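The same chain A turns up in both complexes below, where it pairs with chain B and then with chain C.
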Partner chain A sequence: MAGKAIDIIKREGKRPSEQFQRDKLHASIRAACLSVRSPEGVAESTATQVCDAVIIWLDTKPEVTSADVRRKATESLESFHPEAAYLYKHHRFVI
Partner chain B sequence: MAKKVSFDYDLVVIGSGAGGSAAATLAARAGKKVAIIEADTFGGDSPNWSDVPTKALLHAAQLYDEARHGARFGLRSSTLGYNYPSLRAWKELAVKRTGAGGNRQYYEKEGITTFVGVAHFLTPHEISVNRRHLTGAHFLIATGSHWVAPNIQGLKDVSYLTPRTLLEAMRPPKSLYIIGAGTIGVEIAQLMAIFGTKVYLAEIASRLLPNEDEEVGVLLERVLKEQKGVTSLTQTRTLAVVKDGIGKRVTYNRGGVEKSIKVDEVLIATGRTPVVDLGLENAAVAYTPKGIAVNNHLQTSARHIFAAGDVLGRNSHTHTALLESQVAAHNLIHPKSKINPDYTATSHLTFTHPGIASVGLSEDDCLKRDLPINKAVAPLNIIARSNTSDFRDGFVKIITDKKGVILGATIVAPHASEMIHELALAVKFGLTASDVAGTPHAFLSWSEAVRVAAARLAN
Partner chain C sequence: MIESLAIIAFAALIHASFQLSVSMLTLLSGHAIGSKTAHTKLLRLTNAFALGVAIMTMLLLSFFALLVQYAFQAPVPVIAWVASCGLLLGLGLAVWIFYYRNEAGTSLWIPRNLARYLSDRTKATKQSGEAFSLGMTSVIAELIFIFTPLAISALVLVELDTDAQLLGILIYVVISLSPLVLVNGLIGSGHKLSHIQKWRETNKRFLQFSAGAGLLILGFYLYIDKVVAVTVTTYGAF
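Coming up: the complex of A and B.
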């Protein structure tokens, strides 16, 4: 978890807001990496680094949208694993 | 009939600096319901951290420097000294006196609701500030810019100064390596050199002030070197910075030769980057890390959202941001008669001694555009004032088209920032060199040099 509570506004407020959960983001990044056949250890460490980058970005923001978190996570993931980043960014449309 | 959507505010201004404050005030006076959001100090960068404090210190420094060199006028100045904490107190007083710095009450008196916090767009018409949601019919983004460190090896691991943090220093460093010799870089180089700091001024371009004409950079380099002992390192790429004892060791490459020097502090003055991390994607505002894209009316890709000032990513001054703020306010108050900002007579100033001021097109601009021009330069030493003030380093340069219409001008002189407005007026209203030369200029004013330069182009 981040050091302070950060509210995530879901789908432009159409779903109830919830607090930012590092574990949830970690799991989604890890799943994206595993989906493009990354070794489990790589997926794990990539997810950790992406989560760290997102939490640093969230430091000054008490409230952001889920789209912001997705975008920031994608930006960070792109430098580690472009293929996974593509899948993470577009999985809603791909599936 | 469609139901009219109501918003909390007619205008939400993000940023209370020069780009935001004028628009907020004008809109409030026009009867609009306005909110203003500030993440740092009310008034923005200019009165609190850049223009006002720097110029207050430069004024004191130039007084000190002139007095130190007063022996040639018969003044005894051997016991002259300075007290840096008192200079800092003077700087604080100057900031306080402007009235803009930290003055939240000013906006509240104007009927503007104020919020302190970081703004973040949630939707095109909704913004979040400290978890409070505000809706607005229009927005003005005037978040400004911040100093950014270049990608130099080891820089992130050492503490370095920016023009903002330097002003908070308890005393001038013994030696200072400045990266970037633009306007701010040379102002700080001169300021610190006057207070006894050994200054190294590194610039990747072939001259200081690369955005001004060549003779300006050459003259200033000579003045800084001969009178202030500044070491100018033009065509220099800074390669690495590492901690060395209580100081820093800087490695740079100049003319293919790698050298290193030890200095007390390193100052970054390479440029500023716009503050665009405010959820602009949620509002469908197109932007790049270099700034927000706007049309001629200062509207972003989301037409109800305007942007003004440094956040546009242009090489902006406070007076340019104010102009844009006024234009944005006009365009949202009078949507049927929109206007464009007119940058033709916007002057660029550098508050060194001698001062540097330019307006309109530079000679380089004309060359790039393949414009046929005439130019004339009047050195300061040909006018009487240079004799009575015993000051000769400077010139007035005027550029005209082939019909004699003034396209641009550069002044390097004491009080250049005051002198330039005559030529700004000429550029704005298409006056000819004959018009300026035919206007009486008072004997023993520095402005006589303007008349002389114009007279050389008048025939």
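Coming up: the complex of A and C.
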């Protein structure tokens, strides 16, 4: 499921918009799962399921902010892997 | 001498309650684990980071002690203690008010641009040398808060003999490094980062309160011990 071209507004427009990239979201979800020491297979399948959920949600939207994508991905990740969701949600607020 | 070393140990304990280095170590290990870095390399990175923090703390304390020695010679004049006590009290209140931001996670007082830069640098760190310099940088970045415990320890150190000075520096570095060593040990032994970060978030207000209270207590103690007691002994009570 590649998804249609959707513009992602980054940091409330302070950085240039870019098209939604499934691979980028997949890599970040996978990294969050691996960070809590999940096995690689679990990380892969969780990332795939979260990306699918986010793409279905994006389907009706012409453009969204990166914060919206992160929020939606976190919501979805919480149901599959709460610990990874915690790190994914808070990694910007560690420092 | 025991009293002086106890003051240094208490100042180091206050230093240990400041969290920038621990936050950066948590981020560093999170990204290393997330990118499937081998366990030995992960340990090399985190150990190099901790070593950088230890070396920079030792250098700063030695440098401050040298400055104090050039400026005052022993014994340290009362006015220097008065100024230091004022700094301790002011900083104690500042820690209570400003140290953590009022938002989720463990966001610290540091400006957001600097936080983003440190965060990006931490994520990009792949080599032990980079991790070492990142550890050193984390100490410098928090200098505004650790300056006072370091300065107090330097004032105490110059009044000790040479052997005790070395012991004092060692005590300060070991105690101030203890949270980093603990987190490093937990990561190395396979604990989940989410548990460590959740503990830090749950207890951040307690850490903030104890750091601020520690500064106030040390300030009052030193004011009585180094200012009031000396003044009364020298000039009489009335």
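Methods note: the second predicted complex is superposed on the first by the 91 of 95 C-alpha atoms of A that agree within 3 Å, B and C clash if a C-alpha of one lies under 4 Å from a C-alpha of the other, contacts with A are read in each partner's own complex, and residues count from 1 in each chain.
As a convention for this text, contacts are C-beta pairs under 8 Å (C-beta built on N, C-alpha and C of every residue); 3 or more make two chains touch, one makes a residue touch a chain.
Since this is a predicted model, take the numbers as computed values, not measurements.
Considered on the superposed chain A, chain B and chain C are sterically compatible, since they fit side by side. Contact with neither chain B nor chain C is seen for A:Lys24 once the two complexes are overlaid on the shared chain. Touch criterion met: A:Asp7 reaches chain B, while chain C stays clear of it. Between chain B and chain C, an angle of 120 degrees opens at the CA centre of chain A in the superposed model, to the nearest 10. When chain A is checked against chain B and against chain C, the one touching more of its residues turns out to be C. Of the two partner chains, chain B is the only one touched by A:Ala67; chain C is not. Distance between chain B and chain C in the overlay is 14 Å (nearest C-alpha pair, rounded to whole angstrom).
With the contact threshold set out at the top, not one residue of chain A is in contact with chain B in one structure and with chain C in the other.
Across the complex, chain C is touched by residues 30-32, 34-37, 40, 83-84, 86-87, 89-95 of chain A. Touching chain A in their complex are the following residues of chain C: 20, 23-24, 26-27, 30-31, 33-36, 103-108, 110, 115, 118-119, 122, 190, 192-194, 197-198, 201. Touching chain B in their complex are the following residues of chain A: 7, 9, 12-13, 57, 60-65, 67-68, 71. Listed in rising order, the residues of chain B touching chain A in the complex are 117-118, 120, 122-123, 128, 130-131, 277, 279, 281-282.
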